[in-house]
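Below, each structure is written out as C-alpha cells.
Note that chain A is present in both complexes that follow, paired respectively with chain B and with chain C.
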Partner chain A sequence: MKKTISTLLTFAFALAALGTATGFAADYPKVIRIGQVAGSFNKPVSTGGMGYVQANNLLDEEFKKEGITFEFVYIRAAGPGIQEALANKALDFGQSGDLPSIAGRASGLRTRAIAGSRGGNTYVAVPADSKIKTIKEIKGKKVGVSLGTYMHAAMLKILKDNGLTENDVKLVNLDNATVKVAIATKDVDVAFFGNDALTLRNGGLARIIGSTKNFPVWYQSTGELLVRDEFAKKYPDIVKRFVKVFVKGSYLASQNKNATLKFNTRNGSALAQLKEDSEGVSALYSNSPKLDEQWLDHTKRSIALYKKHGLIRRTFDAEKEWVDRSFLDAALKELKLENYWPDYDVNGNKKKK
Partner chain B sequence: MKLHNLKNILLGLIVPLLILAAWDFVTRRELFSPQLLPSPKILFETWWDMQSSGELAINMKMSLQRVGLGFLLGASTGFLLGTAMGTWKLVEQYLGPLFNSIRQVPIIAWIPFLLLCLGIDELFKVVFIAIGASIPMALKTVEGIKGVSNSYLEVARVFEYGRLKLLRTIVIPAALPSIITGLRLSLSEAWMLVVAAELVAASVGIGNVMTIARRLIQTDVVLVGVIAIAVTGFIMDKVLSQLEPLFLSWRKNYNPN
Partner chain C sequence: MKFRMIFSWYIVGLLLLAPAAHGEDTTPQTVTEQLEAAPQEQLQVQEKDEPFDAGEPPATQSELQGVRNELQVLRDQWQRGLDRTVVQTKRLLAISGTGQFGYNQIFNSEPSNASTFQVNNFILNFKGNLRKDYEQGKDIDYALGINASNTLKNVSVTDAWLSYQILNSLDKEGPRLSITAGQQKKYFGLEATATEEFKPTISGAQFATALNLDERDIGVVLAGDLFPANDYGFNYRVPTVQYYLGVINGTGPNAVDINDEKDVFTRIVFNAPVDYSHPLRGLTLGGSWYYGRKSYSAAIKNTASVTNLGGTTTTIPLADTSATQKGDKTRWGVDLSYVNTPVGFTFEYVQGRDLLVTNGAVKNGVTLTKAAFRPVTEEGITFTLFYNFGDQFINSIKNQDRWDDWYPLTYQPFYRYDRYTPDLSHTNTHTDIHTFGFNWFFAPTTKLQVNYNLKKEYPVDKANNQILAQFQFGF
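Then we have the complex of A and B:
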C-alpha cells in the first residue's frame, strides 16, 4: 500500500515537472472576461466596434491557437460596477464612460486606458403630462439618475449651466432599466438618461426638456477601453492583439453609418432613436477608437470638474498615469489604419494636420 | 465598582484592537487591492475630512432623525400591541396569528409594497423603520407580561385591584426587564433599517453617502459609514441600558452588571 502511494506520488511529481518544463497552460489565461454596461433592455449583446467584434467572433478567430475563451459580462450596475469588478479581478478588460473610469483610477485602481470612445448623449426627460418645461424648473424636484455614470456627469454640467447644483434637487439612484420605468410611472419628476428617452417620448410616455445635444460637445461623454494594469504587464502580447481585434471591429462599425445603426438595434434599441441621437454625426466620429486630443482634453476637464464636485478626492495625470497608446498605435500601424480616423479637438472638430 | 467597569471596557477593547492590528498588517502587505480594503490610516484621514467638512454630521443627523421617528412610532405601537396581546386573551386570539405570520416576513420584503403605497420620501422611510422596530418590542412585551410571577398576581387579587391598577402597579413593572430588552432590540433594528431605506432612495443620510461612495469606488467612505453607524448605535444602546437601573431598582436580586 505504502509503495503504491509513493509510486503514485512520484508519477504525479513527474507529470507536474513535465507540465512546467513544456509550459503548457501556464503562458495564457484560459478565460478572459470583458466587462460591458448592461443596456436598458438587458440583452447580453454589445454594439458599435465591440459589437462587431462579438458578432463576427473576431476574438475567437485571433486566439484560436491559444484556445482562450472570451466572456462578455454585462453589468447592471453599469460603469461603476465594471470598476468594482476590475478591482476584484473579476474582469480583465472593461468599457465604461468617463466618470466611472476616472473615479476608479482616482481611487487608486490600477487601470490603463488603451482605446477611446466619444459622443454619449444624455437626455433630460419628464413624464408626458408634467408641468415642467425648462431645466430651471427642476429645482427641488425628485430626479432619477444612475449615480456614478456618465449621465450623472452630464447632469452636473447641465445643472450648473442653469445655476443649479446637485443639492438643489432630490437625487434618486436608479439603474438604466429602472429609470425608464420610473418616468413612465411618474415615480420621479425628472430623469437624466441615455437615448432610450427618445423611444419613451415616441411612445407618448415622456417629454424631453433638454439634452447634451443642445450644449457644446464637451457636455457629452467620452469613454475608454480599460485593461487591468497587472494583466497588461503579465500578458502584453494578448493586450496588443486584443486591441488589434477591437480596432478591426471599430473599422467595420465606421464604414457605413446606416448599416451600423441598424446593427446596433441588436440590443433592443429602436432604429428611430439611434438615428435621431446620432443626427449630424458620422460613423467615423462615433466609432473612432483614438485617444486623441478630444479624448485627452475632455478627460482632463472631467478630472478637474469631478474633483471640484467631490466625486473624486484625488486627481491624477491622465497623460502620464493612465493612458497607454502603445497597443493602439501598434494596431493602427499593423492594420495600416493610421490615417483612417482623423484626430478631433475638444469641440469635436477635425484637427488640421 | 469603578474598577470593575474599567476592566470591562479594557476587555471589550482587546478584540477590536487585534482586528485593527491584523487589518493594518494585511493592508501594509497589500494582500487585498487597496480599493477593496483601504488601510486604517486612510480610513482615519477620510473620517477626519468628513468630520471637519461637516459632511458626516449633516448626514448622520438626517439618519438619526429617521431612526428617532421610526423608533418612537414603532416601539410605541409595539408596546401597545404587546400589552394588549399579553393582557387580554381575546386580543391575542384575534391578533396573535396575524402578528405571528407578519413577523415571519423579512422587513426588506416590505420595500416594494411600501414604495408603491408611500413613494420614496420620508414617510416611506419612517413607516418602514417603524414596522421593523415594532416587532421585537411587541414580542418582548408579550413575553414580559406572560412571565409575571403568579404570586404577584395573587397578591393583587387579594387586594382586589382593578385592571388598570393591576397593569400599572404590578404587571408593567414586573415585565420591565423584558420590555427594556425589547426597546434595545427595537432600536438596533431601527438602525439597521435606516441604512436599508436610504439605499433605496435618499438625497441626505449616511446610507445614501455610502451608496454614492460605493458607486464612485470610495471604499474608505463606505467603511467610515459602517464605523459611524456602529459607534452611534453602540452609544445609543448604552444610553438605553442605563435606563434599566432607574426602573429596576425595586428588584432585590437586580444586578446591573
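Then we have the complex of A and C:
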C-alpha cells in the first residue's frame, strides 16, 4: 500500500509539472515563433520588411484580440538552424536563404514558401596583404565559407565561372562571425561572405577580389518566408493575416530606400556598407515579397545546381510542391497593393503588363 | 547589298533556331552573356529618395576628435582590464563543471540509511586545444577532470587524455578517425558511454556498475566513422558506421596494470543514414565486446583452536591467506536506440562472464571450505522510454541571440526498466528496478531530477524502494 501511494504521488507530481509546462489547447496558439537568421553583430533585431513589422509591433496590433504572443528567434546556426527548428516544431514561421530552405524541403521537411525575398550579395575577400588578385588564383587555397548557406551557393557559381570546382580548393566550414575573424587573422586565404566584407575592407583588414554585386540576378540569393505545412493547415486564417502584416512591413521598407538603409543599421551593420552593397538597386526590388518569375526561375535552377553538387539528394517541383501564393495574393488584394511591386522576369527586369 | 541581305537572313534564321525563352538551357550561361541579354532595369533605377544627411549638420573636426578620444579611453580601459583581472593560459582552455546535490530516501525498516542529503559528485573539467588545424581539422585536444565523489570525501582524476584527429575532421563527406590516449570512458554500449550530463536517471544501470563498465580506465582508444550522410539544409552529418577500438589496463580509472595482459574492447554502431527530417533520424544499432584477463582472489580465513589453562577451548583468528587464479573477463552487448524529439527510447542487453569466487576457511590446518573459482555468466537488461516537452535538445533553439538570459524550459518524464541477474545458472535470483522519473531542465546545463525506484528482488523481496531527487548543475 505504501509503495502504491508513493508511486501515485510521483506520477501526480510529474503530471502537475507537465500540465504547467504545456498548458492546454486553445483555438489559437498562445505563442507563435518566427525564426530569423542571427546577424554577425549578435543583435536580436530584424531588418527590412520583417524589421518594420517588429519595430512597429504590427503583429501584436493585428492579433491583439486573440492575445497571441509573437516571438522572434534569432538563430546563430543561420538557415540550416531555422530548418532544424522548423523540423522540430520549435518554429512556426522562418525566413532563410534558398539553399537551406530548398535542402530542407528536398529532404522531406513539410514547409510552404509563402513570400519571397531577393538580392543578397556575396563577396570574395582575401587578407589585405594577400598576393591573390583574381578568383582563378584561389586554386589550392584555404577557403572559408558557411556551408549550406546562400554564400555557399554563390561560391559554387563563381568558382564555375572561373573554371574551378569545390574540389580545387580546401574548404573550411565557418559561421558568419568566425569567417570574418579568420580573414583578419589570416587563418584562411579566401572567404566567401556577405556585405560585412565591405566593413572589413574599409577597416583595412581585407581586400575584395570579387562579388556578385552588379552580376546577373542568378548570382545573388533569393530567400523565402516559410511556414510549417501543419501549422498552415491548422491555422490558415492566422497565416493569411500574418502574411498581410508581412506585406505591410515590406511596403514600409519599400517606401524610401535611404530611410530603410538607415533603419537596417539597427542590427549593427555600418551604413556605408549597406549603401555600397545596395548601390543602384531600388528598395522596391530589394523588399518585394512576390514569388514571381524571377524567384521561381532562380529556385528551379538552384534545385538543379544543388542536386548536381550533391547538396540535396532529390529534387522537387517548386511550383507544385512548395509554393503557396494564396496567402500573399489575398494580402496584396486586401491591401490594394497588387500592382505596387512589379513582377520581375528571369533576368530581374520588370515584366511588361 | 546582296551580302547585307544574306547576312540579315542568316540572323533571322539564327533567331528562329534559338530556343524558347524559359528553362535552364535557354538562360545565358556566362556573366557576359547574361549582362548582354538583359540590361537589368533594377540596377538602373534612378535614386529618388532623400539624401542620407538631409537636414543634418555636418560633423566638425572637434567632434571627430572627441569620438577618437573616447575610443582611446575605451581601448586603454580594456587593455588595463586584460592586464589586471583576466586569467590567461598558454593555450586555449575551457573550464566547465558539473555538480550533483541530492536527497535520497530508502523505504525500509533500517533506520541507519533511511534518508540523507548528499553531494553525489562535483566534477571540474579543463578542456582545450593544443594544435588548431584550420586546413584539415587535424587538431590535438586535451582534457583533465577532477571528481570529488562520495559526499566529497574522495577526490580523483576523472578524465586525463590527449586526442589527435588522424583524418581530416573538416571534410563533412569523408571518414573520420581519432586516437585518444590517457584516462577516459570505455566505449561499451549506451549506459557506460553516456556522460553524466546526458543520463536521464540518477543511478546508473545495475550491470554497468556490477560489470565495471561505467568506470573509466587508462589506455589508448581509436574512434572513427565511415560513410557519412549529410543533410546540408540542416547542417546535419550522420555517419552510417561508427567504430571504436581500445586497449586498456583494465584495472580502473587511476591504477597501473597488475599483469602483462591488456584488456581490449571494440564497439560498432550503425546509424540510420537518413536526412534530418526523416522519422528514422536518431535510430542506431550497436554491438560491443570486451575481453580481459584478471587475477581473481579468494580470501582464506585461518583459525586455530586453543585450549587455555582452565581447560576451555576457544577459536582464535590467524592471519588470512588467499588463493588466486587467472581467468577471463568477457562482456558482450547489443543496443538499440531511437533518440529523436520529442520521443525516444534506448534498449541494451549485456552479458558478462567472470569467475565466481568462493572464499575458503581453514581451521587447525584442516580445510573446512575450499576456496573455489567457478565460471559465472551475468546478464543485464535495460529499457528506457522518454518524452521531451520543450526545446532543450534542439541545438539551433539553444543557440540564439537574445538580450536576456533565456533558456528553453524542458520537461522530460521517463520510465526505465533495469534487470540484473548475477548468475544465469540461477535465473530466479535477480533484481528488477522500475524507475519512474522526471527531469526538469530549467537553466542551461542544469536540471532537477526526481526518480522513484520500485525495486523487486527475487526470489526474496525486501522492502527497499527508493526516492531520489537531485539537482545537477553545470557551468
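The rule we apply is simple: the second predicted complex is superposed on the first by the 327 of 353 C-alpha atoms of A that agree within 3 Å, B and C clash if a C-alpha of one lies under 4 Å from a C-alpha of the other, contacts with A are read in each partner's own complex, and residues count from 1 in each chain.
Keep this in mind: a residue touches a chain if its C-beta (ideal position, glycine included) is under 8 Å from a C-beta of that chain, and two chains touch if they have at least 3 such contacts.
Just so we're clear, the structure is a prediction, and the values are computed from it rather than from any experiment.
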Inset, instruction - Following the overlay on chain A, give me a clash-or-fit verdict for chain B and chain C. - result: clash
Inset, instruction - Figure out whether A:107 sits in contact with chain B (first) or chain C (second), or with both, or with neither. - result: both
Inset, instruction - Return first, second, both or neither, reflecting whether A:258 touches chain B, chain C, both chains, or no partner chain. - result: second
Inset, instruction - For A:142, decide between first (touching chain B), second (touching chain C), both and neither. - result: both
Inset, instruction - Quick one: classify A:173 as touching chain B (first), chain C (second), both or neither. - result: both
Inset, instruction - Identify the partner contact of A:287: answer first if only chain B is touched, second if only chain C is, both if each is, neither if none is. - result: neither
Inset, instruction - May I ask you to name which of chain B and chain C touches more residues of chain A? - result: C
Inset, instruction - Go through the superposed model and pick first if A:311 touches only chain B, second if only chain C, both, or neither. - result: both
Inset, instruction - Check each of 77-85, 149-157 or 221-229 in chain B against chain C and return the one that clashes. - result: 221-229
Inset, instruction - Pick out the shared contact residues on chain A: the ones touching chain B in one complex and chain C in the other. - result: 77, 80, 83-84, 87-88, 100, 103-104, 107-109, 142, 147-148, 170-173, 187, 311-313
Legend entry - Contact set on chain A toward chain B in their complex: 77, 80, 83-84, 87-89, 100, 103-104, 107-109, 142, 147-148, 167, 169-173, 187, 311-313
Inset, instruction - Mind listing the chain B positions that touch chain A in their complex? - result: 33-36, 49, 115, 119-120, 201, 203, 211-212, 214-219
Legend entry - Parts of chain C lying in touch with chain A, wherever the complex brings them together: 21-22, 24, 27-28, 30-31, 34-35, 37-45, 47, 49-52, 107, 134-136, 170, 172-173, 231-236, 275-278, 341, 389-391, 394-397, 399-403, 409, 411, 413, 436, 438, 440, 450, 452, 454, 465, 467
Legend entry - Touch list for chain A against partner chain C, complex: 2-3, 6-7, 10-11, 13-14, 17-18, 21-22, 38-39, 42-44, 73-77, 79-85, 87-88, 90, 99-109, 142, 147-148, 152, 161, 170-173, 182, 187-188, 214-219, 256-259, 261-262, 271, 275, 280-285, 297, 300-301, 304, 306, 310-313, 344-350
